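What follows is a short report on a single structure.
Letters A, B, C and D mark the chains as written, and numbering starts fresh at 1 in each.
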Amino acid sequence: MNNNMDYVLDVKNLSTSFISDRKEIRIVKNVSLRLRRGTTLAVVGESGCGKSVTVHSIVKLMPKNAKVSADHVIYRSAKDGKEYRLDQMEPFGTEMRKLRGAEIGMVFQDPMSSLNPVYKVGDQVAEGLIQHTGMSKAEAQKQVLDMFRKLGIPDPESRISDFPHQFSGGMKQRVVIAIAMICNPDIIIADEPTTALDVTIQAQIMELMKSLQVNDHKSIILITHNMGLVAEMADEVCVMYMGRVMEFGSLEDIFENPSHPYTQALLRSVPVLGLAEGQELGTIPGITPNPADLGPGCEFADRCPFCQDRCRQKDIPRFEVSPGHYVRCLKFDSFQEVD
Amino acid sequence: MSSQTSVFEQANKKHASSLLRKNIRKFVNNRLAMIGLICVVVIVFTAVFAPLLTSYDPNKISLGEKNTSPCMEHLLGTDNLGRDVFARVLYGGRVSVFVSVMGALMGSLVGMVLGSMAGYFGGKLDMLLVRLSEIFQTFPEMILIMILVAILGQGVGNLVLVFCITGWMTTFRMVRNEFLALRGETYVQVCEAFGMPKAAIMFKQILPNVLSPVIVSATVNVAGFILSEASLSFLGVGVPSSVPTWGNILNAAKSVEVVSNYWWLWAVPGGVISIFVLAINFFGDGLRDVLDPKQQ
Amino acid sequence: MKKTTNRLLALALALILVCMAGCGGGNNANSGAGSSTPASTPASTPDAPSGPVEQTLKVATTLGSGGSSDATGDKTKYPWHNPDGVTTAAMYRTLLLADANLTDVSPSLATEYTVSDDGLTYTFTMKEGVKWSDGEPLTAADVAFSIKTNLKVASGNAIFTNAFTNIVGADAWRDGSASDLEGVKVDGNVVTINLSSSYGAFIPVIAQFCILPEHAVKDIDPLELHNSEYWANPVTSGAFKLGELSVGNYYTLVPNEYYEGTPWKITQIINYYVPDLLVAAQAGNTYMLNTNSPEIISELGKLDFMTMYPVDILFYRYFICNMKGVDGNQNPVMQDKRVREAILYAIDRETIAEQLYPGLAHVLHSGVPNDYAEYNGKAYEYNPEKAKQLLQEANYDFNHTFRILYYYSDQNSIDFMDTIAYYLREVGMKVETVQSQQGTVDLFQTRNYDVGYKGLSAFNIAEWYGEYSSGNSNFRNIFGGDTLFDEKAEAIAAESDPAKRSQILKDLQTLEQENLYKLPLYTIGNNIFVNTKCVKLPDGVTFGNPWYLYDMDLANWEIIA
Amino acid sequence: MLSFIGKKLLQMIPMLLLISFIVFGGLQLMDIDPISYMVTPDMAASAENQEALREQLGLNDPFVVRYFNWVKDLLTGNFGYSIINGTSIANIVRTRLPATFELAIIALILSSVIGIGIGILSAIRQNGIIDYVGRVFAVLGQSIPQFFFGICMVQIFAIKLGWLPVNGRTSPGASGLGDAIVHLVLPVLTMTVAMCAVLMRYSRNTMLDVLNSDYIKTARSKGIPEWKVYIKHGFRNAMRPVLVILCFRLPMLIGGSVVIESVFGWPGIGSIITQSVVSGDYPVIMVTTLMVAAAILVASFLVDVLTAALDPRVRLGE
């Protein structure tokens, strides 16, 4: 575990639960994942599977009724070569704040509501920069201009003093990305960055993100339910279902050799251009269960065609089916169990 | 195919009933809201069944036993004419609660009808009604009420009317805005394409969507009107002073002599007014949490 | 970021400025109103009184009492309504000054007066050297002007109208057909008044009649005199004149340097406008007040610094029956005398008086109070059975909603009406009590009632009987212009011989009890309270009817704390 | 921005005209004769003279004639005279409007500062002590009849303890800020309590809404300190709806002054309106309600301008 400088983010057994109606509901369960420096990790799954909660738990932007615990959440900074234990930091303390924005940038799902309607976009982008570097407003503005140019926002000199409502959705998302990028962070966490956008704009934004990763050597966590995007963007994929990582592996592992029944079903449901006549698009039978009603055992058991009695008895361990390819399914209990 | 639909229907029903159950549970779990509901129910109940709860006539004068402090015979004492305070507060509640509840209901009704019309038809009618509501809102409520009372004269029915006239604007705006938003929805257009009568579309299809906030605002109005009734009594323009209402009973007890010597004469009506208003507010808050979570 | 902070700061500043403008504006307006007064007077008046003033008498007026010109606190009192209170006595003088019984008089502005044997000619000789507070001389012409003006005002106490209409040529002067009032002549410092018919109470009325300055009032339309802006800064003839008027708050009176009499020991009077007299007394903001409210009396009784002086006055409370008007308006319900009688029998007036107005109310059986020698002893005792029987005899429709109209808005009156309604319901009647905001119109024009609850603070007993007269422009609308009482009612007003008066009174009493147009309930006494911890009253001062002007020896009142 | 202000100002004129017509028309339906009010039955004087006065004051003219005369007079700056006590209405307005505004504005500022402050604090520390105490206070303040609260305050602080004057706006022989303040305490307190309650609840709820919004998350993701998140991103956005509710509360504030002024003998416009409504003094009702309506329109106009300043979407006309 000492050559781990390669992993910019290392999460071990992260669990999050919410307290509602005086009941504790587990939303994220023992999630472990690692983000390799300069690569993109895609977290995929149906809506409500805990993808967003996972990353929000990592950066500790959680509401007060959430309980987060983890064996460790380690961030390894390239700037100073230090390891930071995120799980041991105060959510809104100085240490955590120093990392947020500066080392970990975030892009949220809905650009329409992610920008504060009452401030000029330039100021909003510059805010983080000024906070972390203490530079003057004028200097910051200059950097913002550069960033706008880089992100392909036309006419940045005048747009910089416009208000969010004067921007289109795609442009707003570029501004949000600018906010995430302005301090030159190592990691960008993009929480469904294109869901709220038009298809053509989606492609532009994704291209932009890809180029950031490749050219600026950023590490990206991409949260999405769009398998197409995953195929295009990701280096590694983490498939989640009901707060659990069902399968984790490289892009090839997942797409060429999907092992978990859920991953297989997920992939079958992706529309492919030139679908042969008579070939049906797969659906996953049943509906997503209510997290409060889940029993023990595999969360996917109810919808799984391979389900056996033993699947419903206790939590399913992880099996490493090939190096770096983990599956949480008893079908693979012949493989080595890792925790 | 048909079995599948029925499955869906069942699922829907199950979902709906579980939503209702969830809402009820949510409401029941809100302790303040439950206390509020219980208080409101108890007070309304005692007012409605006043004759069963007390044998005294609220207007029965017995000058020999005036200003008796609470005792077994007169649970809450008597006033300066020897009338039983308990009976007066019970019977007074009938009028006060009736006036405020009716006022709020009528106000909401007027607001809903005008709001639906303004929002659905839009155009000049909308502009006219919006202006009208703005004018009504520009007037200080108390002054408007006083002028209206001066025009209509004092009386229980008139007060209901006055509350209705002064209380429709909030509902109107709410309903109108919602209608404006929903008018363009596909389902409304489908209904129109089917040739459904306009009134049916307005009241059967769109209106149910805005009922929740309207109900909440009506409850809040009830609380406000109870207080207004008391203030009007103080200014001498409320329900005629010969009719026992909470406001009139409290107003009769405002003199320094009563305040310092006969606590039960002001504490009882004052307490009942405050408890009822508090309870209504708690109840309304709870209702809002359940029915209308986004509009806190 | 910085810019936003600036903007927020500016916003806060703006709000504060708006607030200060609000306050500042208010203060300016006040001092403006205040300083305009001292500007016209020499330096003796302190511009804004500073520090404690030694001899300051504090009194108070209730805000919002209907029918009073100073009810809103915009101006001082109009002295031709009720010439009552310390402030009126301090500001205005009459030709003669009445004693506490309002009957005997002593010289004031007039040094002497004569009455002819036929009682038709009065002469008043004016005191020399009297000046108004603005330095102008007060002359006999002012007296003549005041009487003439009073005949033309729209609002004023009826005692003046009733007396002055007897002056020769009064009607012609009032309707404008004469350019002068024939019966009033001025000759040097003598005023001569000729009456067309004798009027017994002429001298007592003159003793209530404040003389106003012709030079200051002549340009004001008499019809609007009662609410003229003039009263915000009037010219006075008494020992005091206006110091400062702070609208809605208070006004102060300061010594009038043109006052030729002995200066008062008191050197300042403050009249506060208050929402509640009792609270003002508790807070020490009024040293003197009068009340007939049992609640206030009992509360004031708890303040050891307030001393009570009960006064016995002719303040009638009674029902008037709406029967028929000269215009043909009919209300058959009340036309049956048995119904009117039944109402008197149905109400336990003794108990009500005892319980609601302990020690204050005295039950009446006619216009003659029970302790008068003329009282004939006839009484309507509480007898609900008899009431029921009478109603049945009269074929009274028990489904008829019997409407009682009243115009008092104090809690005592409301309680009283509730009690009356209760008693009438007990004999099987359906009763509704209606509070009216505009008594005169509702009682005498709209007339949508069966009986009306009315009060009369009578100057003398003749005023009570004057209401029966067919010439009474109000009562003829409900009594049908019946001439039954006319002769006797006129006689009691004109007659001044005690023996003859006594006989007329007895006759009137019988006539009244036979007809019951008015249902007498009770007379209500009054209590005057003086803060004797702060005020030292001179020996021998007696208090009288608080609605009228009389000699309280105010000049010798002293402030001791 | 200027055209925005101009547009709003122009909109006020027809509003005022319409209000004046409605009020005037309404008053005609009012069955009150001011002359009769003025002369109580206890003190009835000559009926002929009263009729002459009625004629002179034009009370016998038809409605439309009176309305146009009135508007004409108003436009030439002649506000007319009170029928009841003959005071020039210009005088009434001049002396009394400032008093009412003084009360209303101070109560407004105080209740805004306290109400919004506590509301926002309790939103930030949801379910904390401030939140709890604030909510209890809010709910109590909203449920006690104002006049009764006022009467009790006078009894306690002015009579029993003797700390404060019982009524009025100034005392004779005293002047300056101190005098003004002691007179203001009780009426302002009474007014503030109810107003505060509403604002507290409302600003707490809006602030909670705002704190749950995405841009707050964005702001936090930048790593800026929490207080900056609250003040810069939260407060300013929460202020907009609060300002709107504040604007809607203004009429209530003035309306509330009707009761407060009666309780505390405050020489403001509210007590005059009460008196005029009761006595049918229509010229006074007309002018005072118009003044109040105008004042409220101006206030809501100011709120509009403030909203525009706070929210570029409104300012730039979306």
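Operating definition for what follows: a residue touches a chain if its C-beta (ideal position, glycine included) is under 8 Å from a C-beta of that chain, and two chains touch if they have at least 3 such contacts.
Predicted, not measured: the structure shown is a model, and the values here were computed from it.
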Seminar exercise, completed: Nearest to the mean of all protein Cα atoms is the Cα centre of chain D
For this session: Report the chain whose mean Cα position is at the greatest distance from that of chain C.
Result: A
For this session: Sort out for me whether B-D or A-D is joined by the greater number of C-beta contact pairs.
Result: B-D
For this session: Averaging only over C-alpha atoms, locate the centres of chain A and chain D and give their separation in whole Å.
Result: 53
For this session: Determine the centre-to-centre distance between chain B and chain D, using the mean Cα coordinates as centres, and give it in whole Å.
Result: 24
Exercise. Rounded to the nearest whole Å, what is the centre-to-centre distance of chain B and chain C, using the mean of the C-alpha atoms as each centre?
Worked result: 45
For this session: Compute the distance, rounded to whole Å, between the mean C-alpha positions of chain A and chain B.
Result: 49
Exercise. By residue number and range, which residues of chain D touch two or more other chains?
Worked result: 32, 159, 236, 262, 274, 278, 280
For this session: At least two other chains touched by the same residue of chain B: list those residues.
Result: 236, 256, 260
Seminar exercise, completed: In chain C, the residues touching two or more other chains are 1, 4, 276, 279, 282
Problem set entry | chain D-touching residues of chain A, taken from the complex the two chains share | 59, 61, 63-64, 92, 96-102, 105-106, 108-110, 113-118, 124, 127-128, 131-132, 163, 165-166, 176, 179-180
For this session: Please name which positions on chain D make contact with chain A in the complex.
Result: 126, 212-215, 217-226, 233, 236-237, 310-313, 316, 318
For this session: Can you check the complex and tell me which residues of chain B touch chain C?
Result: 59-61, 63-64, 66, 80-81, 154, 236, 240-242, 251-252, 255-258, 260
Exercise. Which of the residues in chain B come into contact with chain D in the complex?
Worked result: 131, 134-135, 137-144, 146-148, 150-151, 153, 223, 227, 230-231, 234-237, 247, 250, 254, 256, 259-260, 266, 270, 273-275, 277-278, 281-282, 296
For this session: Please name which positions on chain D make contact with chain B in the complex.
Result: 15, 18-19, 22-23, 26-27, 29-32, 139-140, 142-148, 151-152, 155, 159, 205, 208-209, 248, 251-256, 258-259, 262, 273-274, 277-278, 280, 285, 289, 292-293, 296-297, 300
